[in-house]
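The two complexes that follow have chain A in common; it is paired with chain B in the first and with chain C in the second.
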Partner chain A sequence: MSKIGLVRTAAIVLPVGALELLCRFGTISPITIIPPSEMVRSLYFILLAGQYQADITATLSNVLVSIVAAMLAGLIVATLLESLPAIRRIFDPLFATYYSVPIYAFYPLMIVLFGLGDLPQIAIGFLLAVMAVIINTLNGLDRVPQVLIKVSRVHRLSYLKIALQVRLPSAAPYIFTGFKLAVAYSFVGIIGAEFITSSRGIGYQISYAYNNFDNRLMYPLILLVLVVVTTVNMSLYVWEQHLLARRRT
Partner chain B sequence: MSSADSMNTAVAEAGRRDAEWVAAAPGVAAAVHVALRDVARVFPPRGTQPALHALGPIDLDLIKGEFFAVVGPSGCGKSTLLDIIAGLVPPSSGQATFEGRPVLGQVPDGVGVVFQEDASFPWLTVFDNIAFGLRERKRPEAEIKEAVDYAVGFMGLSDFSGAYPAQLSGGMRQRVCIARTLVMKPRLILLDEPFGALDQQTRLLMGDELLRLWRETGATILLITHALDEAAMLADRIGVMSSRPGTFLEIIRTGWSRERDSTIVSQESFGRLTSRMWTLLREQSIRSIGYAKGHA
Partner chain C sequence: MKGRDTLLLVIILVTGWQLLYWAVGEVALRSPFDTARLLVEMLKTPRFLPHVSESLMAFAEAYAIAVAIGLAIGVSLGASRFAREVFEPVLVALYSIPKVTLYPIILLLFGIGFPAKVAFGAVHGIVPIALFAMNAISNIRPIYLKTSRVMKLSHAATFRSILIRAALPEVVTGLRVGFSLTLIGTLLGEMFGAQRGIGYLLMQAMSLHNMNNMMALTLLVILFAASANAGLLFVERKTNKHL
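Let's turn to the complex of A and B:
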């Protein structure tokens, strides 16, 4: 393992090991936190029993819908805004302040608009994720070398083809950053929304366990969220590095 | 009539006389391929920047099959001239025609352009970069492979067909861009300082290859360059431009045979050609870089 890999592993293993020891020696009460090894063991049995399969499936499918919608909408909106500079000038300051708006405050409105099903959660996840895609895509599109656009025009590409075959691929590294953030924001949005009023999902079950002092359920589910989000983001990171390697001199 | 007008009239007449000369030259067809009439380009004011008169008015005839080079000081509008002929920017006044049809709003079919900057697509391999235009034209994959393989070999990129541009040197990337243009078999090739990123030896060799290609394809070539020796070696005629707003000071006929190659650089007449160009350009270059006249 490389030196950097060792440091990275140590940065995870040491705090987790310390937490394990503090819990095992009673410095931290099991009412506050259960030992990490206990979290893993409980999570294994939870997954084996399949008791929360429906909740896990609901959360992950809602996250997936939210991510895909945010990616598509973000790409389309950013591409349109890039081609309409006058409109973009109007919206640019609003984009800069977007994340200062507490999206969760609109949850009642979401319920009014979309009912009590999964849609309000998906909408919250989407609203949090979409702006990351828009901002990063615009950032990437601004950096497309003009000479590539000239080459496209020499090859007589239509506006749509220039967007799809030149602008977006050229901006891909920035778009990828937007996608990674969209994944993270979708998880944050949906699991957070499930905490508030949902009647299913991982967020709802964590909240339910918390209200019932059920640490043997709450912590494994938190661990599950951590593992899923980290795995997805690390996979995206590896893919991104693979793509970027082609562009590095 | 102002002095600028009379100069342009004289240049236009010189251009037409040159056209007659080129028509009489062996192996060169007579038709006017590209014609510029009173072409000028003024960039509109932007913010606190006033309007900028970048080019013209210019009159020029490019004869089908000729190799025409344009030299001039920095910022004299050489690249703007190329962009207007290519249809990438419209002239502020006047008209450009290609094969008798006005160049309006888009790049005409049959025109290929190689730019000064690295214009390779970094997300595509060398092969896919070169095949880009052919795939756009929906040519059969077998035909694409044959054309690209030939171009890759011709450009000395055979070992790098599957490489990405980032893995190549600047000169190799430029060769990819040249190959991407040449596989389209354009009837008019516009080259905007294509060898700027190459070392002197490679430039001479690429010049030889360009001349060979020019002879084989019969394409008309317009080359924009800073390098006087490059223009003198490659072109049938050389348009020497003034500082901004660029107009032609003189159009020089090189008098080389069509079968020329880089060995002509050792000829005495080659030295006279570059010397003539420098005599015309020296004061213009001093003016363009903002030196006071007294320093010249």
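Let's turn to the complex of A and C:
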């Protein structure tokens, strides 16, 4: 491992080790935090028992739906806006302000609009994710070399073909950034919404365990969320580096 | 020209809202006009104001902490290439985890009440502020630093007249993003573990299905967030132009 990786690992392992020791020697009581090793062990048994399988599946499938919807809607909206500059200019302030508005404030409305099923959570994840896709796609479409557009005009490609074969592929690196953010935001939105009110999902189970002071359940589930989200994000990061390296050659 | 576009946008949004209201009806929404009226009424009730000031206080404190810690982390990581390479992925990973899941831990550490929401708000703001400040410092063109060396500027003078000025626009962007996220964090904190504040009222309205309060509070939060953001955007454009 490189020196950087070594220091990075140490910077993560040492605090966790210190926490473990503090918990084991009773400086931090198990009512506040249970030892990290205990979290891992409990998580293993929870996963083995499979009693939260339905919640895990629910959360992950909702996240997936939200990502797909946000990508599709974001790409279509961005492509349309790019070709309608007058309308885009009107909506520009909205893009700049969008993320300053706490989307969770709309959650009550979503529940009223969509009922108590999975839809309100998906809607929150979607609303958080879609703007990242739109902003980054527009950013990428702005940087498509004019010569590519000219060539496709010379070849008399239709609007749809120019969009699908020239503009979107050329903006791909920026779209990928949008995709990465959409994944992160979907997780944030959906798990957050599950926390506020819902009847299933990992977020719901964490808040349920918290309300019952069930630390042996709460911490492993928190750990599960952190591990899943970090793994997904890191793999996307590695994939992006791989794609960028290929693109350069 | 710009003012006209913004006005047009507001008209479009309000019209969309009105149309949605006509479509779904009184059960799920209030009309824009009614909501504005309800908000004004709410602001007039004496019992409501303590909640606003509680939220504002918590938010101000959280933001001050987020700015202080975020800038400290960002500047120290930006100054050293090695530290940056070690910690950047860690920061990025922290940025993308759903912080709501950490809220029970914060509640256990700080107890239910004011400190917990401040801490939760600050947790949301620190990472973006640190990330933007780090990039700002490390993206300073080396020629500026060389110039300062050639001119034999002292450390203090380099910091004052080069580092701050060159890094400022991006730092301000970080402060703007951090502002929004700290606000979201503080409100979320109030939604789960508090007996006072806007977030608490929102949660209460939600569980009682009090549509009037829900709409008025949502509008209040949006107006506050949007106007603060517009102000910070203005500062950001100014610092950019200044350069």
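By our rule, the second predicted complex is superposed on the first by the 246 of 249 C-alpha atoms of A that agree within 3 Å, B and C clash if a C-alpha of one lies under 4 Å from a C-alpha of the other, contacts with A are read in each partner's own complex, and residues count from 1 in each chain.
In the analysis below, a contact is a pair of C-beta atoms (placed from the backbone, for glycine too) under 8 Å apart; a residue touches a chain by one contact, two chains touch by 3 or more.
None of these values were measured; they are calculated from a predicted model.
Novice: Sticking to the clash and touch definitions up top, decide whether chain B and chain C on chain A clash or fit.
Specialist: Result for chain B and chain C: fit.
Novice: Between chain B and chain C, whom does A:Ile196 touch in the aligned arrangement: first, second, both, or neither?
Specialist: Second partner only, chain C.
Novice: Give the label of whichever partner, chain B or chain C, reaches more residues of chain A.
Specialist: C
Novice: After the superposition on A, what does A:Leu138 contact: first (chain B), second (chain C), both or neither?
Specialist: Once the two structures are laid over each other on A, A:Leu138 reaches no partner at all.
Novice: Which of the two partners, first being chain B and second being chain C, lies in contact with A:Phe106: first, second, both, or neither?
Specialist: second
Novice: Looking at the overlay, what does A:Met71 touch: chain B (first), chain C (second), both, or neither?
Specialist: In the superposed model, A:Met71 contacts neither chain B nor chain C.
Novice: Does chain B (first) or chain C (second) touch A:Val7, or do both, or does neither?
Specialist: After superposing on A, A:Val7 lies in contact with chain C but is clear of chain B.
Novice: Using the touch definition from the top, say if A:Pro93 reaches chain B (first), chain C (second), both or neither.
Specialist: It touches chain C, and chain B stays clear.
Novice: So, A:Val225: does it touch chain B (first), chain C (second), both, or neither?
Specialist: So A:Val225 only meets chain C here.
Novice: How many Å separate the nearest C-alpha atoms of chain B and chain C in the overlaid structures?
Specialist: So the smallest C-alpha to C-alpha spacing between these two chains is 12 Å.
Novice: Shared contact residues on chain A for chain B and chain C?
Specialist: The answer is that chain A has no such residue.
Novice: Taking the complex as given, what residues does chain C use to touch chain A?
Specialist: The touching residues are 5-6, 8-9, 12-13, 24, 27-29, 82, 85-87, 89-90, 92-93, 95-105, 107-109, 176-177, 179-180, 183-184, 187-188, 191-192, 202-203, 205-207, 209, 211, 214, 217-218, 221-222, 225-226, 228-230, 233.
Novice: Which of the residues in chain B end up touching chain A in this complex?
Specialist: Residues 86-88, 106-107, 109, 111-113, 115, 117-119, 121-123, 132-133, 136, 164, 166-167, 177, 181, 184 of chain B touch chain A in their complex.
Novice: Spell out the residues on chain A that touch chain C in their complex, using ranges where they run on.
Specialist: Listed in rising order, the residues of chain A that touch chain C are 4, 7-8, 11-12, 31-33, 89-94, 96-97, 99-102, 104-109, 111-113, 184, 187-188, 191-192, 195-197, 203, 206-207, 209-210, 218, 222, 225-226, 229-230, 233-234, 237.
Novice: Under the stated contact criterion, what part of chain A meets chain B in this complex?
Specialist: Answer in residue numbers: 145, 147-148, 150-151, 153-157, 161, 166, 169-170, 172, 243, 246-249.
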